[in-house]
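Listed below are the structures to be examined.
Look at the two complexes coming up: subunit A is in both, with subunit B in one and subunit C in the other.
Now for the complex of A and B:
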């Protein structure tokens, strides 16, 4: 299955992936107009320190501790993609407790949010990957 | 192959999903004394609160039993296991034969010589719900996870709530003194009263009593059949000492890898993973679950708590931006942590405990400050994020 993989040495720390992710969750037509002045809460997040940076998003693990630990059944696996049904989430954050990558975060509604590889869009790759200017994240089959 | 599962909750469902990873056609029967579709037990307080309804309580979709070709025998109790003949006797007089059996019988409320409601099941929640009224005074005996979740669930629906416990602090099983004081204050600010370090001798003056003074594992079915300590003893394949009988979930005891001790870790993620592990092995696969640790994520009226492991060793402590955080470590390993408030990325700490990661292999000072993958080596990050 194709997943988002990180090429750390190519990451500029520009955070465009974060913006494209946040934009992918809106119905806006223009990224700059939609997000100007907005504090974004993307599902992919840059970690940055001393000139090193990289993007972290859901790994879509084959042994997903978040799905197994979910107390409500809100998290499930659909064709290899780990998806969240926010209507079933009660904000207990057991998935945050379980995820070894820190890739599940809280959203404005309280329900958790996570990368779903933009499967609900018609695009052939996730918005973050499409928007990365330096191939620091790629959408590939690796293992 | 005939699989029989006693218990229709998390571990039982995990077992079905484990079996079906390997065996798509074997017969699976689930025996449950509760006459309900599988539901999420921790959601009963949310039901009472009105945050979820009966539909949202369902742990799996309506089509679960059909999709997985499972026969659900609900509203009937497993009364005896006949291990010699490999059959389970049922309360309706019938008997059901098995090739592989899972005991996932869960736990029940510890009984006190005091009359009151327990708060463990969907029926308990509905019964409590029917008793609630604005003029009622409620006493909850037990300031643990169940007692406090119950208090949150009924807050604002009754005249008063008093929580009593023998222990000197709330959530004694998962919090230290400082964390417990913070949570207690959070409840007190919303009108909940506490009577701690005292045993309850009388419930006079209260209209509703809820008993949440701990739980006991339901081990009786395997008495004399398999080894039982505090709970049913299982190994890393979730096998009991009796061949062809497996056990999973709150009725079992297993090794806590954070301390090396054998203990009951009655919590939902472990129940699922044990059930799934048992299922795979029952179906002839080979799966190991040897990474159980105590861990909890729980929230009360907007205050979020995540804890894991055990609280021994040296302590790193920080209280920044209203977040209470303690890390406990010794011998180059993280043993446990307490996080109250901002809980983002807590799972990275959990992984350090679960994997027994040598702390000198990561940037310990950095990860103490905040959990992140930056604290790992470039090679580790390549494995985690680069897929190679």
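Now for the complex of A and C:
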């Protein structure tokens, strides 16, 4: 299955991925109009320290601790992609604590949010990967 | 300084309706132009720091930015332009030599733009390169002058070493140091994939790139940086750099701040020391001296590598090229006055040398008149901008061309001409790690491959249009060219007829 992989050697810390992710979460057609005046809350986040930076988003683990820990079944695996049903989420944040990568965060509604690889869009790759200027995140099949 | 005489040349125009304060521009500008004002929650820009490299413009995800030319003006004066006045102010305040980068931007004639290419109609029908074979392979090197036979009458193979290129295009000499490791890797990988050659420049060859040796020309310049037997043997050919089109008659100076880590090791000079290439080779004061170096290098490589000599196109270029052909060199490279550089005194760059088109035409003619054209291959360099320039250069007599500026443009260069500041925002002409990582060679090499493949297609189309199916048939075929708007003397030097003739 194709996943988002990180090449931190090429990450510039520009945070374009965060903005493309935030835009992908809206239904708007124009980035400027959708994100103007908005404090973004993306599902991919840049970690940065001492000149090293890289993008962190859900790894879509084969044995996902978040899904195991979810008390309501809001998190599930569909074709390898870990998806969240926000209607079922009761905001206990067990998954947030379980995730070893810190890839799950809270959304404005209180329910958790996470990267779902843009499967709900028609694009052939996630918005963050498509928008990365330096191939620092790639969407590919790896063993 | 109490009074700043100079108003910025360019202004950063920000569309605040579109700006979402993502601060990408701020993070991407090594010149510190952009700044986020937290109290006002808005981005602002300091135009005075902007070099117009377009990094922020290209990465702005909402297209909120553009750079515009300032319309601030001095009183109009056809003699004292604003640029001239500002340069004078700059020197009056610093007392320094003006520095510039990349090629001569001044409005001298571009002869390539005054030459048109022929096409076949009715007779000698044109050829469709998609249906019929079209040869773009070229072979560089001296061709045998005589047929030699052994005692039993069999022909002795006396062919000197040759270079085979899949198309008549090579990447010009750009040293590791003047450009980044990632830029070099992009060039080397592209040359390998395309089956052409790139050139190390005078900074030696990084140990990681020895594996691209068969696609490498190693350069020996007046500073002799990084030259050792292993280096000479590493490449497919050796180039002696006598001159550079951007700055004929002077050497080079890579500041100590760029001589760090691997660059110091590759150049074989201490970290932090200035890399100064003398203006002349101190052991070359005549063609005979040049011949000694040519044969020294050939001897050092067991006569297995062609030796090229690169000169800047200057007034007496034809006679010099004739001397080079007689010095034993296999290839002569002519670098026109629009060729690029990582740093040059502005006055040298903008006022010294001659156009490559005229130099090339006169060298080719001189070598043919003297009957020594087949002793050397001729490579044209110095602002080859498109496949049309290449076709014209070959028809004027070149065997192949070098592209430098064009290759850098493919890698992201926006010709801001500030290489000498060492803060290239595109990760090309810099050694700052945070900046060099902006050029991912996986992307860079692919863009170079795309560019050359596109040009190769176009060359085939233009050759096909002329009814020519091989680069060899186009070479020196000046009947395929016509001048427009050129005077009789220019046409005579170019050796072409005027359109309509």
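Heads up, the rule we're going with is that the second predicted complex is superposed on the first by the 143 of 143 C-alpha atoms of A that agree within 3 Å, B and C clash if a C-alpha of one lies under 4 Å from a C-alpha of the other, contacts with A are read in each partner's own complex, and residues count from 1 in each chain.
Quick note on the criterion: a contact is a pair of C-beta atoms (placed from the backbone, for glycine too) under 8 Å apart; a residue touches a chain by one contact, two chains touch by 3 or more.
If you're wondering where the values come from, they're calculated on a predicted model, not measured in any experiment.
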> On subunit A, do subunit B and subunit C fit together or clash when superposed?
Replying inline: fit
> Vertex at subunit A, arms to subunit B and subunit C: angle between C-alpha centres to the nearest 10°?
Replying inline: 150
>> Contacts for A:29 in the overlay, against subunit B (first) and subunit C (second): which applies, first, second, both or neither?
In response: neither
> Now for A:20: first (subunit B), second (subunit C), both, or neither, which partner does it touch?
Replying inline: second
> Touch check for A:142: first (subunit B), second (subunit C), both, or neither?
Replying inline: first
>> Output check: A:65 vs subunit B and subunit C. Expected answer is one of first, second, both, neither. What do you get?
In response: first
> If you count the residues of subunit A that each partner touches, which comes out higher, subunit B or subunit C?
Replying inline: B
> When the two complexes are placed on top of each other via chain A, what is the minimal CA separation of subunit B and subunit C in Å?
Replying inline: 16
> Considering each complex separately, which residues of subunit A are in contact with subunit B in the first and with subunit C in the second?
Replying inline: none
> Which bits of subunit C are touching subunit A when the two form their complex?
Replying inline: 17-20, 22-24, 27-28, 59, 61-62, 64, 433-434, 437-438, 440, 442-443
> Which positions of subunit A touch subunit C when the two form their complex?
Replying inline: 9-10, 12-16, 19-20, 31-32, 35-38, 51, 131, 133-136
> Taking the complex as given, what residues does subunit B use to touch subunit A?
Replying inline: 14, 40, 42-43, 46, 51-52, 56, 58-61, 268-269, 272-273, 276, 295-299, 304, 306, 308, 343-348, 350-351, 354, 366, 371-374, 378, 381-382, 384-388
> What residues on subunit A touch subunit B, complex-wise?
Replying inline: 3, 5-8, 47-49, 52, 54-56, 59, 65, 68-69, 71-73, 87-88, 90-102, 104-106, 142-143
